[in-house]
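So that you can tell them apart, the chains are marked A, B, C and D in the order they are listed, and the count of residues begins at 1 in each.
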Amino acid sequence: MSPDILDEASVIWFGPQHVSAHGWATKLTLVGDYIVECDPNAGYFHRSAEKCLEFRNFRQGSMILERICMMEAFLAEYPYIAAVEKIVDLEIPERAKIMRTIMLEFNRIHSLQFWWGQFAGELGLFAMLLWPWVDREYTLDAFEELTGSRHTVSYATPGGVKYDFTPKFHAKMEIALSRVKERMPVFDDMLAGSPTFRLRTEGVGHYTAKQALKWGLSGPNIKACGIPMDLRKDDPDPNLAYGMIDWEVPTTHNEEHPGECDAFDRLLQRFKEIETSLDIIDKLLPLLPEGPIIDPKARAKVNRLPEGEGYGRVEGTRGVTSVWLKTMEKAQTPWRAKIRGPCFASYYSLKHIVPGARFADFPAIFGSLDPYPGWWDR
Amino acid sequence: MGFVGNLGDIFRILKHVFRQVFRRPFTYFYPFEDRPYPEATRGRHIHIREKCTACAQCVRACPVAAIRIDKEDKKFEKDCALYFDYTRCIFCGDCVSACRFEALFHTPIVDISEGDREDLVYGPDKITTLDRDPLEWRGRRFR
Amino acid sequence: MSDTPGSASTLGRAIINKYPDIESKPLDGNKIELIVPPEKIRDIVSLIDEQVSDALPESLFGIDLTENKYELIYIFWSHANKMLLQLRVHLEGEKPEIESVCDIFPGLEWHERETHEMFGVNFKNHPDLRLLLLPDELEGKFPMRKSFVTDRSRMDETGLAQPKSRPESGGESS
Amino acid sequence: MQQFDFYLWLSGLWDWIWGVLLWFWGILKWFVIWILDVIDGIWALVALPENFMFLVRAILMPGLIFVLFALIFTVWYTRKIWARVQDRRGPTHVGKYGGYQLFADAIKLMAKETIIPLKAKRWMYRILPSLLLVIVLLTFAFIPWDPYWNILGAPGSAFPDLSVSLVLIFALLTAVPVFSLLIGWVSGSKYSLIGGFRAANNQFASEIPMVISSVGPAMLAGSLSMFSIVAAQTSIWYVVLLPVNFATFLVASIASVGTFPFDAPVADSEIIFGWRTELSGIYFTVVYFAEFAEQMLYSALMVALFFGGFNGLPFLPGIVNFLIKWLVIYFLFTLVTSSFYRLRQDQIVHLCWKYLLPLSVLNVVLVMFAVVYIPGLLPLVIGG
C-alpha cells in the first residue's frame, strides 16, 4: 500500500466499550470501507490467573480456571486436574472416567449453543440470538441438577468426580439433548440455510491450513480447513473415556477451496462438532458401569505433590486447552502454572486475517473464530 | 442454489419465525414467579452450630478467603462463629465438602442482594438461620 | 510411528546429529524433550519448521527458578506424527536475552510479548515488545517473577493462625 | 415679543402631559384593537364550520393526536412482536400487558441528561432530531384513513385530497436521509459519521425502487392522489394484480426505514448505534419515535396502495377497516424485519439496484401494456 492511501485512513477503536467487543479493544485502520491494518489489544480482562494459581492448593486451583471461561467452565478446569493427576500418577475409577467424558461433551454442547446465539447476534439477527440460548437453559438446568451450579460446575476433582449421576439428572439431560436434536434442523435453516447468512459469511475471513497452523489456531478453526486435528483422538487423556468407543473426528471439506476455510465453513464445522458430541454422549451412556466415583486415597495424595512437571491437555470447544504445571518437592501449591487458552491464538490471528476485509465483515470474522476474552487475558 | 432456491429458503425462514410468534414464550415474570431450585443448588450457606467443632477446615478450603472464623465466640461446647462474606464468595462448594461433621450446608437461596455492602457479610446470627423460605416473598410459583 | 519421517525419534536423531551439544531426554510416549542452549534456539526452531510440516506452536512461557535463573519452554504439537515436542532453554542473569523466533512461527509473537512483560526476558529482533496484558503502571515490574510480592492481607482476615512459611512452595496455601 | 409668562406656561403643562398620555394611549389602543381584530379574524375563520372541522381533523382525529397515540401503540406492538419472535414476553409490568411501558420509557428518556459531545455542532445538534420527527409526521397528512374523514378535504368538498399527494409523500421523505446524514455529521463522532453516510446511501438505494413500485398502483388507478388510488380499489385490491410490485415495495420500504435486515446504518455490532450513537435523552427519544413513525407510514402506504385502504367490510367504518389491515400489514412488516441477518452496505445497494429496480420497472411496463391491451382490466381497476 502506498503511503498516500494511508493519508486518508481513519483509525477506529473497536472496543473496549463497544457493544459487540466483549471486553477487548482492536485498533482498526480504515481506508474507505476497507480495513488495511488491524491491531488487536489484549489485557482488559487480565486477572492474573497464573499468579493466583501459585497461591492455591491443588483442589482450589480449578476454581480459578473455571472462571476464565464461563461458557466452557468444565472444559477449562479439566486440564488443571489432568496435569495434577499426571504428576501424582492417579488412575481414576471407570465410572468416573465415563462421567467426566459425558460432562465434557455436554459442556461443549453448551458452549456451542452459546456460540450460535452470539454469532447470530453479531450478524444482526436477534431471534437467532435468543433461540439457542433458550435451549441452553435446559442444558444449564441439567448442570444445576447435577452440581448445584449453572455455569461453574466444578465437577471433577483430582481422583474422580464430586457428584454422582442421579435419575433426575438423567431425565434433565435427556430433555436437554433431545431439545438440541429437535431444534438442530431449525437452526440449520436459520443459519446455514439463510441466504442472508450465506451472503455475509461466504468468502469472509479466509485462511489456509498452513497459515492457521503457523498462527497456532486449533480446534474447530483448523478442522474447518479439513485437518482432523483433535486431541480427543490424537492424544486422549488417560483418565477420559474417548478410547472406549468408535467415533469420527468431524472435518469440513470445501470443494471450492480445499485446505482453506471461511466463516461459513467454520459454522458448518461447529454444527458437526455438536453432532459429534451428541454421538459420543449417546454411545457412552449405555457403557456407564456401577462403582465408585472417586478414588478414596486421592484426597490425601493431592495434599502434597512430589516434584514434577505435568502437561494436561484437552480439546476445548475453541481449540487446544492446556495447563502446564511445575511442582517442587512436597509442594502444597504449584510452582508455576501456565494456562494455554485456545483463543490466545485466534485473537492474535485477527491481525493477519482481517486486513483487506470490509469493515462490516469484521464482526463476521471474529465471531466465526469464537473468541472469548478470558482465554487470552486470563 | 439459484433464485428459486433462495426464495424457498426465505419462505422456510419466515415459516419458522411465524410459528415462533404463536408459541408460548419461554421467559417468566421473574420477581413474581420463579422456577424451583434443585436440592443441590449452591446458594447461601447455613451453619449448624450444634455440630460444629471449630476445626476451621472450611476456612482453609476456601479459595477466596471469604470465611472468617471466630473461635472465641462459643454458644455450645466446642463450636465457633463463622462470618461469610458474600461479596467474595464464589459458591464453589469446597467448604461444604470439606466439612466432615455435617455442620455446613448450601441452601437453595440464591437471591441474596442487599442494599448495603456490609449487610452481605453474614454473621453468626444470619448464617445459622434461614430467615425465609426460598421463593417466599415472590408470590406465585411457576414451572 | 517409530521411523516415519517427522516422527519423534527421527526428529530427535536429526537434531542431535546436526547439533551434538543438545541434550535430549528419553522418549516418554509421544513426548520428546530437548534441552537447547539459548544461542541455538533459532537453528532448532527453523529445523523443526523444516522437518515437521504441521508443527503447531502451542505454547511458550517462562519459569522463574529464583536466583536469576529462568527457564523458557517451547511446546510444539504435530498432528500427523502425534508428537509433542518440548524445548527447554536455561537462561541466567538479571535481564536474560534470547533470539526471537516469531518470524518462523508467527503464533509465538504474543507468547513472547507476554513472557517479556511477565518475566523480563528480552527477545532480540522481536518486532513489537509493547505490553500485552499488563496495565502501564506495571511496566518493568515483571509480576510473574517470584520476587514480585502480592498482597496477601486477605488471609489475615480469616482469623486463622498464619501458616508457617514454606519457601519451597510458591506461597502460603490458604 | 411677549414676555415669558411662567403661570401661562404652568397652565399649559397639563395640556402637554395630557397630550403625551393620549398619544401613548393611542398607540396602546391601536395595538390592542389590532390584536383583537386578529383574534376576531381567526375566530371568524375557525368559527366557519369547514375551517373548524379542519382544525379538529388536523389536531384531533386523523391528525396529530391520533398519530401520536398510534405511534405509542406501534412501539408497544413492535416490541411485543419482537419479543414473541425472540421467545420472550416483552413489556409486561407497567400497565395491562405492559401497555404503559412506553410512557415509562419516554419519561425516563426525557428525564435523562442530554449529553452533547464536545465536538458536536451544538445548534444543529439540538434542532435536527425534532425536525426529523416533524418531517416524518407531516407525511401522515396525506394518508386517506377514511372515505369521509381525512385531514385534507371534507366529505362535501370538491376534491378530498391533493391531486399529487403520493408524490408529495415521497418528496417529504427524501429529506429523511439528509437529516440522518446531518445528524451523523454534526455529532462529531466517527461511528455516527459512518452511520450517517450509510443511512444516506441506504435511502438513495431504496427510494428509487420504492417510488417506481408505487407507480404501478398509480397507473392502474389513473391518479397520483392517494385518495383516488384507494377509492379505485373497490372491486379488487391491487395486491392481487401486482404481487411482485408489493414484494418489491415491501423490501424497498424496509430498506428505506433502515430497520433490521437493512440496518447497516445503525449496525450495533460494527458502528455502535450508527448515526444515533451520540444522541441521548430527549433527542434519542425523538429519533426513536421518528423511526417507528416511518415504519407506521410505510405500512399505511402499503395498505393504501395495495390492500384497498378503507375498502373492506362494508358494515365497518372506513377507518376501522384501514386500521385492521394496517395491523396485519405491520405484523408482516415486523416479521420480515426480524428474520434475516444484517446485510452489508454494498449488498444492500446491490440488492436494491440489481434486483428491485429492474423488477419494479418491468412491472411498470407490464402494467402499461395490460391497461392498454387487456379489455376487462380498466373497468375493474378504476373502481365503481
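As a working rule, a residue touches a chain if its C-beta (ideal position, glycine included) is under 8 Å from a C-beta of that chain, and two chains touch if they have at least 3 such contacts.
Worth saying up front: this structure is predicted, and the values here are computed from it rather than measured.
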A-C or A-D - the one linked by more C-beta pairs in contact: A-C
Taking each chain's centre as the mean of its CA atoms, the one lying farthest from the centre of chain D is chain C
If you average the CA atoms of chain C and of chain D, how many Å lie between those two points? 66
For chain A versus chain D, what separation do you get between their C-alpha means, in angstrom? 49
Centre-of-Cα separation between chain C and chain A, whole angstrom: 23
Please compute the C-alpha centroid of chain B, do the same for chain C, then give the distance between them in whole Å. 40
Mind pulling the residue numbers of chain A that touch at least two other chains? 56, 60, 127, 131, 134, 194
Chain C: positions in contact with at least two other chains: 173-174
Touching two or more other chains - residues of chain B: 10, 13, 16-17, 20, 26, 63
If every chain is a node and every touching pair an edge, decide which shape results: line, ring, star, complete or other. other
Pairs of chains that touch, anyone? A-B, A-C, A-D, B-C, B-D
Contact residues on chain A for chain B in the complex? 56, 59-60, 63-64, 67, 127, 131, 134, 137, 144-149, 152, 154, 162-163, 168, 186, 189-190, 193-195, 198
So in the complex, the part of chain B that touches chain D is made up of which residues? 10, 13-14, 16-18, 20-23, 25-29
Chain A residues within the chain C interface of the complex: 42-43, 46, 48, 50-51, 54-57, 60, 213-218, 227-229, 234-235, 311, 320, 322, 324, 326, 328-336, 338, 340, 344-345, 348-349, 352, 376-378
Residue ranges of chain A touching chain D (in the complex, touch as defined): 10, 12, 18-20, 33, 120-127, 129-131, 134, 194, 196-197, 199-200, 358-363
Would you tell me which residues of chain D are touching chain B in their complex? 81, 83-85, 87-89, 92-93, 335-336, 338-340
